[in-house]
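Both complexes below contain chain A, partnered by chain B and then by chain C.
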Partner chain A sequence: MAAHVHALYVHGTSPLHRAAPQCKLAATVLFVLVVVATPREALWAFGAYAVLVAAVAALARLSPAVLARRLVIELPFLAFAVFLPMVGGGERVDVVGLSLSVAGLWAAWGILAKGTLGVAAAIVMAATTPIPEILHGLERLRLPRVITAIAGFMVRYLDVTVEEARRMAIARQSRGHDPRWLWQARATAASAGTLFIRSFERGERVHLAMVSRGYDGTLPSFGATAAARDEWAWALAVPALAATVGTLAWWWLP
Partner chain B sequence: MHIPDGFIDAPTSLAAGAVAVTGLAVCVHKTADSLEERDIPLAGLTAAFVFAVQMLNFPVASGTSGHLLGGVLAAVLVGPYLGTLCVSVVLLVQALLFADGGLSALGLNVVNMALVTSFGGYALFLLVRRLLPRTRASVVVASGVAAGLGVVLASLAFTVEYALGGAGGASVSTVASAMVGVHVLIGIGEGTITALVVSAVLATRPDLVHGAAHLLPHRRLVVGPRVAPEGVA
Partner chain C sequence: MVAAVTPAVEVRGLAYAYPDGRQALFGVDLCIEPGERVALLGPNGAGKTTLALHLNGVLTAGAGEVRISGVPVAKEHLKEVRRRVGIVFQDPDDQLFMPTVGQDVAFGPANLGLRGDALATRVRQALDAVGMADVADRAPHHLSFGQRRRVAVATVLAMEPDVLVLDEPTSNLDPVARRELADVLRSLSLTTLVITHDLPYALELCPRSLVLDEGRIVADGATEDLLADDELMAAHRLELPYGFDPLAPRRAS
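Up next is the complex of A and B:
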């Protein structure tokens, strides 16, 4: 994983890859908010949202297989959705021999549909935007500089720190470390403590290196440029379409 | 613990977003006062550490494993304000780069895992530390107890959010007992590991533990001939 890309990024030159990051970020967040605000009984609306996400993914030339493979991130969250129909109250129906709560089934469907659409939208955004651009976008969206600066350092040193943790795990294992119970966790915890000290000391060295290269306490801007008006219009067309669907869904609520 | 989209309704998510923005604004203000921008590389590395520590698996029972959430650990190591900022940055990056936790639920996740865990946990840490003698062992015990209870606090915050705008289906009391029950168990692991990590850092660099700053002797820098060792011209 190189420093400027991340696990979900897919290299490309599509219109979506070239779009201004702040537009993509704003459009994604607004789209997800519209999806979350849609009543779950309006089944057709979620179909429309899925078509919209698929169309944007096609515009970005992302293969459906890549999208599907990355959607498995969501699997752990579905445990809660599975649990709801079993413990839910109210009216019950029999589904293949199991007595399930109707209210619980609706809740589970809502979580499943909205959660999947949310993850899919986030994946399309992340797949077409490298890390520096995401940081530019956040800065253009007026996030405080302290936060974008911390995030910038964090993503730059993430691989270093994660790899350091992995090397320590390998070193423990090669010395026969195979703990099975919580009271055997001391070695893992000592590694985490060492990892903190090494991270902190690396932070001190990075700071000194920056000072010796003329750092005066203010970071240069990430160099983000304003997006053109038509760029905003194209990006916001997606949440606007979704909002139209959402409004119709409320209108025709059964 | 990362809430996905669609779990909690839009009004509650937006309200939590407003609470998160307010809380983070306070943290930004407080850290700007005490740290200035020179410590931004340190904060970034601390955030990278919190991220890495969440990927570090520790054994729980009979070969199953869990991972640290790290909210209270970060607060005890670098202080509650900077710790909250670091955990929030981790959550932001996880949502944007890894699609981990819903974008509409980012406010909820920041409230639960950064604000409630770090501040609630740090308040508990100070309370327990005060009840115990002024020793390193007390700092270790206090951070463990606070980290364990901090996880339970986060699950209570989730239950409140579920009661306000949950997807429904199960009753609030069912969700509350399931969430709190599971998180008491997670809290035992979180508390044990946090205490062990804090004790490991205290053993080598006690000056890096914010929660143990009161134990360090106050040293003054003296520059002059009196500190020159014997026999050195």
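Up next is the complex of A and C:
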């Protein structure tokens, strides 16, 4: 089967790819919680977490280049962290001629380290789990069926809507539309409105098609199968290891 | 002639006005026997889709009645009627809304209460019938338009309907996809109503045609006879493609 299942998924047959989605989801969320709860002064703990994420990524046979490229998504959020040392108050240190706030530096480090680890963990999960499986996993984790169904519709119609928007943009450009200034945004705004109306009408047609096939307000659920106990054990070993590191970090806090 | 069997579809005096007051159907009468393949022809805005939505009770008749294999389309029979009448809508993107093809095909039978192996068998059979068994795990938006149309047919076949209704099945299909769909439809031998203004397609698939215009059935007969009737065709904004002779197949045989 050659088709890509979604943009973030990296095809593979590693144990991580085969693991039950609910286990991966739970492990990822727990891992992120442990990372966030770790005191930022315990530098070594973050090193240990990074090694853990790298080990899991290696198990999934994800190339470090893919991981690094996808981490770029984090940059806009880190831009905020860069300013913290400059605007922060309290004790200050001089670094290559810049006077920086110590508290601000710690805060920036905390955001950088915890953010990067969280994003990296999410990337590993997304790269090894196709979206329909993520939805199954969420269902197994007792997320209400309505929520997973809405998420499913969003995934299903994202491409359709993006394609529609692209066609509308091409049609605008074909008639000489070349917006450069804010006051020329009128046509774009009108297109956005049209796109909304069209999507709304599509929603009505989809509902019609659902009703025609016997939809009575409850969506059937498919494919969500229970995970074996040792599958849970393997998956939860990752956050458990992280939790051990986190506990030690609190213990040895200077 | 007395009908020996209950008609698969029976519509009597069906009238319908949209909520905004615009009248769409003005007393439609039609009868389709089990196993028949019938084309419903008519210009845009003739009320063809509106008529189709009455066959499974999505729209409720203002006057008149619709019966499917003798069962009146009314609130108390809606579930059964919707199992018996499978509508394939014009845009497969409206019909395929689940994350994977297999789940989408399972949607209908699951609503009928099927689970487990019975459900899986139904899905496999339906996808097999349209030659799409190998795409069950794919996402609908990764299929070609022609494949999506065939999967849309499978989604209703999975409910084992008595009557298959297709709304403009050839729109946006390239000639090969159009022919492949015709092969699928011929292989099904179900009672079928093909709503279309693709007249050669109607001729190819349906021995009998109905012409609907301005909310009324204005002609009912052998497809080749209707298509060869220039006066009738012109009066109802129907037009054959350039150089097309509807009587050529008859002369050849």
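Just so we're on the same page, the second predicted complex is superposed on the first by the 249 of 254 C-alpha atoms of A that agree within 3 Å, B and C clash if a C-alpha of one lies under 4 Å from a C-alpha of the other, contacts with A are read in each partner's own complex, and residues count from 1 in each chain.
The rule we apply is simple: a residue touches a chain if its C-beta (ideal position, glycine included) is under 8 Å from a C-beta of that chain, and two chains touch if they have at least 3 such contacts.
Values in this document were obtained by computation on a predicted structure and should not be read as measured data.
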Touching partner for A:131 - first (chain B), second (chain C), both, neither: both
Which of chain B and chain C A:202 touches, first, second, both or neither: both
Touching partner for A:63 - first (chain B), second (chain C), both, neither: neither
Of chain C and chain B, partner touching more chain A residues: B
Partner chain(s) touched by A:173 [first = chain B, second = chain C, both, neither]: neither
Chain B versus chain C as contact partner of A:28, first or second or both or neither: first
First, second, both or neither for A:213, with chain B first and chain C second: second
Partner chain(s) touched by A:244 [first = chain B, second = chain C, both, neither]: neither
Which superposed partner A:99 touches (first chain B, second chain C, both, neither): neither
First (chain B), second (chain C), both or neither touched by A:153: both
Common interface residues of chain A - those touching chain B in one complex and chain C in the other: 6, 131, 152-153, 155-157, 160, 202, 206, 210
Of chain A, residues touching chain B in the complex: 6-8, 25, 28-29, 32-33, 35-37, 40, 70, 73-74, 77, 80, 83-85, 87-89, 101, 103-108, 110-115, 117-119, 121-123, 125-126, 131, 134, 144, 146-147, 149-158, 160-162, 164-165, 169, 179-186, 188-197, 199-200, 202-204, 206-207, 210, 217-219
Residue numbers on chain B that touch chain A, as the complex places them: 2, 4-7, 9-10, 13-14, 24-25, 28, 31-32, 36-49, 51-53, 55-63, 68, 77, 85-86, 88-90, 92-93, 95-100, 102-104, 166-171, 174, 178, 188-189, 192-193, 196-201, 203-205, 208
Complex interface listing, chain C residues touching chain A: 53, 56, 58, 79, 82-83, 86-87, 89, 91, 93-100, 102-103, 106-108, 110-112, 137-142, 155-156, 159
Residue numbers on chain A that touch chain C, as the complex places them: 1, 3-6, 131-132, 135, 152-153, 155-157, 159-160, 202, 205-206, 208-216, 220, 222-223
